[in-house]
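Have a look at this one before I ask anything.
Each chain carries a letter (A, B, C and D) given by its place in the written order, and its residues are counted from 1.
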Amino acid sequence: MSLVFDALAGLLVAGAALAAVTAAAPRAAVIAFMGYGVLLGLAWARLAAPDVALTEIAIGSGISGIVLLRAAAGLPAVPPAANRALAAAISVAVALGLAALVLALPEPAPSRAADAAAALPATGLGNPVTGVLLAFRALDTLLEKIVLLLALVGVWALARDPLWRGRPEPLFAGAAPAPSAFLARVLVPIGVLVGAYLLWAGADAPGGAFQSGATLAAMGLLALMAGLAPLPRADDRRLRLVLLAGPFGLLAAGFLGWATAGAFLAFPPGFEKPVIKIVEIAITASIALTLILVVLGPPAGEERP
Amino acid sequence: MSGFLTTPPLPISVAPEALLLLAIAAPLALALAMLAPGLRRLVPRLLILAPLPALVAAVAVPRGMSVLVAPYPFRFTLALDGSGALLLGGAALLWMAAGAYACAYMRKDPARGAFATWWALTMAGSFAVFLVADVASFYLAYALVSFSAFGLVTHDDTPEARRAGNLYLALTVLGEAFLIAAFVMLASGTSEANPLIRDAVAALPTSPFRSAIVLLLLAGFTLKMGLFPLHVWMPLAHAVAPVPGSAALSGVVVKAGVIGLLRFLPDGVALPGWGEALTAVGIFTAFYGVALGVTQTHPKRALAYSTVSQMGVVGAVIGAALASGLPGAFPIAAFYAVNHMLLKGAMFLVAGLAMASAPARARQAALIAGVLGLSLAGLPFTGGALAKYAIKIVVPDGIAGFLLTLSAVGSALLMARYAVLVTASGKERQTPPGGILLPALALAALALAVPFALFAPVTGLPLAAAFSGDALAKGVWPVALGLALAGLLAWRRWPLPEVPAGDILHAMGPLAALWRHTLDLAVAADARLRRWPVAATALIALAALLAVVAR
Amino acid sequence: MSALLVLALTVPLLGLVPLLLAGPRVGERAALAVLAIGAGLCVAVGVAVALSGRALQYFVAGLAPPLGIGLRADGFSAAMMGMSALVLALTAFYAMRAPGAGAPRMPPAFFMLLLALASALNLAFLAQDLFTLYVALELLTFAAVPLVCLDGKPGQLRAAMTYLMFALFGSVLYLLGVVLVYGQFGTLDFARLSAALALAPPGWSFGAALALMSAGLMAKAALFPLHLWLPPAHAGAPPAASAVLSAVVIKAPLFLLVRLWADLAPVPMAQAAAPVLAICGAGAILVCGVVALAQVRLKLLIAYSTAAQIGYLGLMFPLAAGADAYWSALAWTGGTLHLVSHAFSKAAMFMAAGLIAEVFGHDRLAGLKGAARVAPLSIAAFGIGGLSLLGLPPSGGFTAKVMLLTSALQQGAWWIGVVVLAGGLLAGGYVLRLLVLALQRPEDGTLPAARECGWRAGIALALAFGAVALGFLPLAPLGFLSIGRPIAWEGLAP
Amino acid sequence: MSDAMLYALAGAMLAGCGTYGLLTAGGALGRILGFNILGGGVFLIFGAVARRGAGAGLAADPVPQALVITGIVVAFCATALAVALLLRLKAADGAGEEEP
């Protein structure tokens, strides 16, 4: 029974994906893509990956969706550039080849679950995924934060020269309608609470810095769309401090660990959990702000309210 | 054999090693001095003196001396052998005379500084090719002389000079490719990454790549010498350079190809087939150069074709030596080359003198030109006759020998043509720049005299051998016949249509069209490949292909 | 000593803080200082590797693979680190106070991206974990793409877009390969994988995983026929950006390609795949070389030359996977040396092209007659850098070419030798084209009154001489490059 | 056939869809969507690999799951950068900015 459900879910995801890549109108394609993201989140939940599911829904579907919707606005439909039949044949071949590859994966599957479970208690964390992200493979996480920061730098670098220090354009043109402002007033506090919970719970239960940051970013964007807060200026010193807090907080913790535990990105023995918690808070704040700014796009001038 | 080849005429005991290095370093230092604004004005004058260490080295450094300048892993080694000493000494004399000539000739040229730089670099490279003894340094020296000469060719920056320069550069790069391939194969026969040329050549006869190496060496070096069909650049390039530049190009730079063959082909070892082939190409070139040269209407182009023809003779001599495996033949080829070097240098200087003079003066210059020409054609009692006599040792009587003798007829004819063109090249109301007369005369005198000093040491025969009745008879008839032919042609008002310089280049139209087609094809293919759907498909296809082959 | 590895990764990142928080002047100085220190650290890594004769290694967080991530610098890594750090530091000085820079945006943005590049490159050369390498490659791409369109012209934006999308396509394929490797071995660590592969010959699915990763890397390196993005991107970027993009950024994926096939793949698999890589390389050398000759703009010419020159690395694979240890090692040294010397040459050439374009106000070749009179140092830098591409001695390009030729000859791979030589001919064509024009007499009144910026041309010249200096290496396999091969963790049970 | 394998096959299908999008898209937006879907497929296969590695009391191997989270973030950064470029390009084309 559950296999039937899984098969159905898989087909649904693939169907949504197909709709997204075949839709003629950009807007329709993006909406199909957002639906695909939600369905994919479902698949992740079925794969015993609640952390990934949360991330996929918040980022892969939610915030990516906002970004893509903005890109699709006013974009004309472009005719396909290649021979569709040939492309379809290649794509089917790719899918079949990959299917053959996954079916050929060895049995029993190699796994690091045992290693991770054995090493987890030393970190004081209960959620093995958080453990991998912040303790075992903290280098990846540090770099991922740098990637995020760099994406923002890249987005900002697209500004026109004299406008580089200003505020971004509003997300969607025109004033926000009153109902959405009301909705935002209700939703934002709830969302912030959810975000905070995800951060707090992430150490031991599904959730964590990224999921929390993404939720907070979504709330922030909602508030900005509703006009509840002014658009941030790119050269605001406090804002930049928050941006740096995450990656460089983690880096600082890494050096602290080097000094106390003898290895870069190790955590001080006995203080693993508190240090990780503090770093997570900094990361969450940075992620939330970076996501908001990345979504808002390059600064577009001084005269925005 | 004794004398010049084995022991220096004026041996010195003080630091002969340093002298070898100084021979190359002196002109290089002058080129570098051009970078310093304070020294720049002095350089052109000093260029006259720059060849002095090379000259001293040629006459004073013990033969066989070798200096390891930079030890392993570079093995930058200099060495002086008989052939090298001959060419080095001759080149030094030519560079000095032509340098003095250039100093006066270019006095008013605003770009004389640039000319001086290229001059010094070409000089350094030319001395270096005669002196270096390891393969990698030879490649470097050869590249230095070849690429620097480009600056001499294109100095006047006329459309013709640009065209000639581009062709020269293209063929030079091609020649470098031939040579690096040959050198890599040669070096693979030894245990060293950068062997001495001597060791590499010793391994040549047994190399598994022997044929490929010899073919590439011949292609690379005969390109520089201007042997048919790789001569196309020479009439263009030598005619467009400023007069002293032409003298250096035709006199010295082409000899880089000669020393290349002498160094990299085994002396005294027969390479059956290759020797005959080189002889055939050489003899054909000797006649071909004459045939096209006599149609020319400009003295410098006629001289350039004469160089083609003469290098054909040198090629034939080397080919004959390879065919027979006669030991000790290579210095004779070098001797012939030195004779040509000095004569051709002097001829260009004299032609330049005439072209810058009033008609009366030009007629006087034509007299000298005629004497030089007769020497080149091998009239008895001239230096050229000694050179012609010497090569008979290598190329005995027979078809090849007869044809070479016959080519002297052509030389005489071509030289007559040159003298006539010189006569006609004066223009009213012009006076040559002061100071070009003396170097031209000096070089002419040296060109006529030096072979007498070298004949005996090089051939091991007494000078009198060249003056035997038999030798005289053999020397006179070709010249007489050539002059008679010239007289006949002159009487008929020279009814030969001028063949444009570069001759077969003009028949290369289809080749050029093919190249343009290739270019268009590549651009179109590139444009297609760079379209997104094509590139994206290629990416997937590449992944699939790799996955299939890497099973 | 191993601490150097972590510092080489993290020190460049520290420069981001003043750039984001302080004024542009302070930020710029800090970036220069950090890049100079970074270069010092990379050189120190090289010295440490050379002195100890062993690879440096470090386990991040004190956790050994498979759970943790290891950093490791062998001779090859150290050489690449030293090269890229030197080029980046010199580029930073070259870019300092560049005229016409779109103040106030461009200088800080440029330096932030440059710092991120420095860190990402070091990570790509050091990380031993396939997924960490994926992150490094992405960081590299995200730093490189904005560099392409820093001027904000529509053409650059389009070039950047194509670059980004194709690089992302490549990344996904690379990641797919990583996923399959994890699915088969449960580890992504080079040394662990090598050990596992040595125990049992891998099946076809490992070959497929390698193929996917390689295709992704080739897309990111713009190896023919996947070079669609390179010419417009490298030609359109500001000169300092072009210099780093062409000289070092594409070297990271190429480096990893070598790692995968020369260090990780079992020999039979590498031998089977090598011809494909070599054919791509030959295509690059011949097609892109010919197309370079057809270009009318200097920067496009140099960009196509880059697309052509990376082909030599492709040619290296069949030679380096050969049966004879000595000739394979020689080819390997030649290929590596070519990567390094090409970086110096190409950085010098792009910098020179930038200075020439500054003087003339354009980079159309036909209008550059007489350039040697107004930009002599730049032309010299271009020429000396170009001599290395041509393969004239003494230069790294010459040494590399002789090594590849010798190895090809000894292993009977005639066609590779022919392609190497043909590549030299084409390089001669496109390098000498500018030099010939530059030496010609300009038409009256066409020569600009402006003169080149001397000290910046000096930097280009210094880089060009770097390529020359590499020509003084012996023509033999370089011991330094084989330090730390094959990959293994010391003090760790396999 | 396990649930993990089913989702791995779904991942293969997604990769096919994404490839189709990348090949046929005439504009940048279509390519961005194609890239995301192809990436989603790859992540899903990785998720299946993680699920197959369940053991030691864990429902799945946590290492691939953590890597997927990092991968999603990186993919988002790519999307954001590409969209910013797209918007800038649209504005430049709209404003008639041309090469000098």
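Following the convention adopted for this analysis, a residue touches a chain if its C-beta (ideal position, glycine included) is under 8 Å from a C-beta of that chain, and two chains touch if they have at least 3 such contacts.
Since the model is a prediction, treat every value here as computed from it, not as a measurement.
Chemist: Hey, how far apart are subunit C and subunit D in touch steps, shortest way?
Modeler: When the steps are counted carefully, the minimum from subunit C to subunit D is 1.
Chemist: Which chain pair shares more contacting C-beta pairs: A-D, or B-D?
Modeler: Top pair by contacting C-beta pairs is A-D.
Chemist: Which chain has the mean of its C-alpha atoms lying nearest to the mean of all protein C-alpha atoms shown?
Modeler: Centroid comparison flags C as closest.
Chemist: Per the centroid of Cα atoms for each chain, what is the distance between subunit A and subunit D, given in Å?
Modeler: Roughly 12 Å, centre to centre.
Chemist: List the centre-to-centre spacing of subunit B and subunit D in whole Å, with centres computed as mean CA coordinates.
Modeler: Each chain's C-alpha centroid was found; their separation is 66 Å.
Chemist: Using CA atom averages as chain centres, what separation in Å is found between subunit A and subunit C?
Modeler: 31
Chemist: List the centre-to-centre spacing of subunit B and subunit C in whole Å, with centres computed as mean CA coordinates.
Modeler: 41
Chemist: On subunit A, where are the residues touching two or more other chains?
Modeler: Answer for subunit A, listing residues that touch two or more other chains: 81-82, 87, 90, 94, 97-98, 101-102, 105, 109-112, 116, 136-137, 140, 144, 147, 150-151, 154, 158.
Chemist: Out of subunit B, which residues touch more than one other chain, so two or more?
Modeler: 531-533, 536-537, 540, 544, 547
Chemist: Can you list the residues of subunit C that touch 2 or more other chains?
Modeler: Residues 67, 131, 135, 138, 142, 145-146, 149, 152, 165, 169, 176, 182-183, 186, 204, 208.
Chemist: State the interface residues of subunit D toward subunit A in the complex, per the touch definition above.
Modeler: Residues 1, 3-21, 23-27, 29-30, 32-34, 36-37, 40-41, 43-45, 47-63, 65-70, 72-81, 83-88, 90.
Chemist: For subunit A, which residues are in contact with subunit D within the complex?
Modeler: 2-3, 6-7, 9-11, 13-14, 17-18, 20-22, 26, 29-30, 33, 36-37, 40, 43-44, 46-49, 51-52, 55-56, 59-60, 63-64, 67-68, 70-72, 74-75, 78-82, 84, 87-88, 90-92, 94-96, 98-99, 101-103, 105, 109-114, 116-118, 128-129, 131-133, 136-137, 140-141, 144, 147-148, 150-151, 154-155, 158, 210, 294-295, 297-298
Chemist: What does subunit A use to touch subunit C in their complex?
Modeler: Per the stated touch rule, the residues are 97-98, 101-102, 104-106, 109-112, 115-116, 119, 135-140, 143-144, 146-147, 149-151, 153-154, 156-162, 164-165, 237, 240-241, 243-244, 247-248, 251, 254, 257-258, 261-266.
Chemist: Can you list the subunit B residues touching subunit C in their complex?
Modeler: Residues in contact with subunit C: 72-74, 111, 114, 136, 139-140, 143, 147, 151, 154, 157, 162, 165-166, 169-170, 173-174, 176-177, 180-181, 184-185, 187-188, 193-194, 209, 518-519, 522-523, 525-526, 529-532, 535-536, 538-540, 542-547, 549-551.
Chemist: Can you name the residues of subunit A that touch subunit B in the complex?
Modeler: These residues of subunit A touch subunit B: 81-83, 86-87, 90, 93-94, 97.
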